[in-house]
Amino acid sequence: MSDTMDLELARKVLGEQPFSRLLGARVTAFGDGEASLELDIREELLQQYGFVHGGVLSYAADNTLTLAAATVAGPALITSGFTIDYLRPATGTVLRAHARVVRAGRTRVVTRCDVVTVDDTGAESLCAVAQGNIAVLEEPGGKS
Amino acid sequence: MSDTMDLELARKVLGEQPFSRLLGARVTAFGDGEASLELDIREELLQQYGFVHGGVLSYAADNTLTLAAATVAGPALITSGFTIDYLRPATGTVLRAHARVVRAGRTRVVTRCDVVTVDDTGAESLCAVAQGNIAVLEEPGGKS
Amino acid sequence: MSDTMDLELARKVLGEQPFSRLLGARVTAFGDGEASLELDIREELLQQYGFVHGGVLSYAADNTLTLAAATVAGPALITSGFTIDYLRPATGTVLRAHARVVRAGRTRVVTRCDVVTVDDTGAESLCAVAQGNIAVLEEPGGKS
Amino acid sequence: MSDTMDLELARKVLGEQPFSRLLGARVTAFGDGEASLELDIREELLQQYGFVHGGVLSYAADNTLTLAAATVAGPALITSGFTIDYLRPATGTVLRAHARVVRAGRTRVVTRCDVVTVDDTGAESLCAVAQGNIAVLEEPGGKS
């Protein structure tokens, strides 16, 4: 696989994730150290109080943190882990996660993510922030 | 709502979460500062390499961290946030998360969670660890 | 104690922390959801390879995350916890931490912090990023 | 440098950290995936309310998380980052951090740490818990 990615390839990779298809996620921006992912909020994604389930927010953060890393480090990545803080009950029509690279090292990329909900009027409400570590995998034929 | 929970009530609460139903999660233990949640690993929960998607692991950690808190603090809780570290590619037949309370304060409970996969023989493999903060909500008629 | 703080009061509070005096920390900005803390890098603050010890960076992150929260929530705060990622070996003449409020709730403030080193020429190098949770303490005479 | 460590070498490494000498830290156990660090609580390590400063707790967590990793991965390590949750005001005569390895991979070790205070009678009180990531550095002459 090429070690560079563009929006088209990022969408292809997301489309190959059955769980991302189950949730209905789509990549809406990809490049230059930043990436965005969106999904339409529907009843299946909620918790018992009618808000988007924290697990959906953490899914979005996880995937978007790693997508942002892929804009600078290519597709051979694995999420090492992340921290997420929930800020507000998440409600609206669209969930949008946006992440950007803070530091790209040779073996590890650190990224930050904001997760917002968007309502009918397009107004955004910040509902979670995350910070993550992404490991750059060794290339099969590489020296490392 | 009562401020005490048992396994039956925990199952009822999980059953009222559409996202938990979508994923097929079930509570398998609940009490005395500990809780367990399981889900059967199926194709819809995977990522592009055939392993369980990180978002499923983070969902399981999120929910189980808060379930453990509910064993000591009742149902009026909200997950403030958590940290998760992925340890191994997650593969097997069942995903099992087990969490326990580290410290239960009056307004905040701190819990830790281990997420394992279980294979056909019942052997467990630790695939993620998490640490979380759960906020105890004020009671409607309470003094706080 | 007043529930508002300004730069002068923030400096007074820091001056009342023996550990901050031991490290030589000073508040350099405070207000409107943001705060900065600095300390001169000296031999006592290093680890075995000659870089600033991670414990100094985590001290700076911890204190600055909470200082930023104090700009909006007053001095009756306690740090619940935080996550820090180290990005580069920290070397230079001054260590500078800058934090800002992401979300200020009634009982909890979430903040983010960047820690940089500054060299002789004034050039900054980002060496750590953090995300934290600060609890707003109940007022002595308050209803909660 | 050898890729194995024992208690004597761990103490030597800590002794080479000026910041650990400033704080008065000592390694009290080291081996088999676990490590302990202690320091005597003294006035210089406190915050304005007379409790041990969070920065001291985070220093102890940071160092002990990495010491535990060194028991299985040798001394060529660097702390990538960690999460700490404070649980109680820290007061007593001794601060003791104990960490253990959760998972040791080839390039990354994940560890957990409990930080307790010990009073005059030897009674322990858990005051912070942490979870960390430690990167295993490439060997100078190695293939990676």
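Chains: A, B, C and D, in written order; residue numbering restarts at 1 for each.
The rule is short, and it goes like this: a residue touches a chain if its C-beta (ideal position, glycine included) is under 8 Å from a C-beta of that chain, and two chains touch if they have at least 3 such contacts.
The shown structure was predicted, so the numbers you read here are calculated from the model rather than taken from an experiment.
Novice: Write down the chain pair with more C-beta contact pairs when A-D is set against B-D.
Specialist: Between B-D and A-D, contacts are more numerous in B-D.
Novice: Is the contact between chain A and chain B built from the same residue numbers on each copy (over half shared) or from different ones (under half shared)?
Specialist: Counting which numbers both chains contribute, over half are shared, so the two copies meet through the same residues.
Novice: Going by C-alpha centroids, which chain is farthest from chain D? Tell me that one.
Specialist: A
Novice: Would you kindly tell me how far, in whole Å, the mean C-alpha position of chain D lies from that of chain B?
Specialist: Measuring from centre to centre gives 28 Å for this pair.
Novice: For chain A versus chain B, what separation do you get between their C-alpha means, in angstrom?
Specialist: 21
Novice: Using mean C-alpha positions as chain centres, tell me how far chain A is from chain D in Å, no decimals.
Specialist: Measuring from centre to centre gives 32 Å for this pair.
Novice: Could you tell me which residues belong to chain B and also touch two or more other chains?
Specialist: 80-81, 83, 85, 133
Novice: Flag every residue of chain A that touches chain B in the complex, lowest number first.
Specialist: Interface residues on the chain A side: 13, 16-23, 43-48, 53-56, 58-60, 62-63, 78-86, 128.
Novice: With touch defined as at the start, can you tell me which chain D residues reach chain B in the complex?
Specialist: Residues of chain D touching chain B: 83, 85, 87-88, 102-103, 105, 110, 112, 126, 129-131, 133.
Novice: Per the contact definition, I'd like the list of chain D residues that touch chain A in the complex.
Specialist: 80-81, 83, 107-108, 133, 135, 138, 143-144
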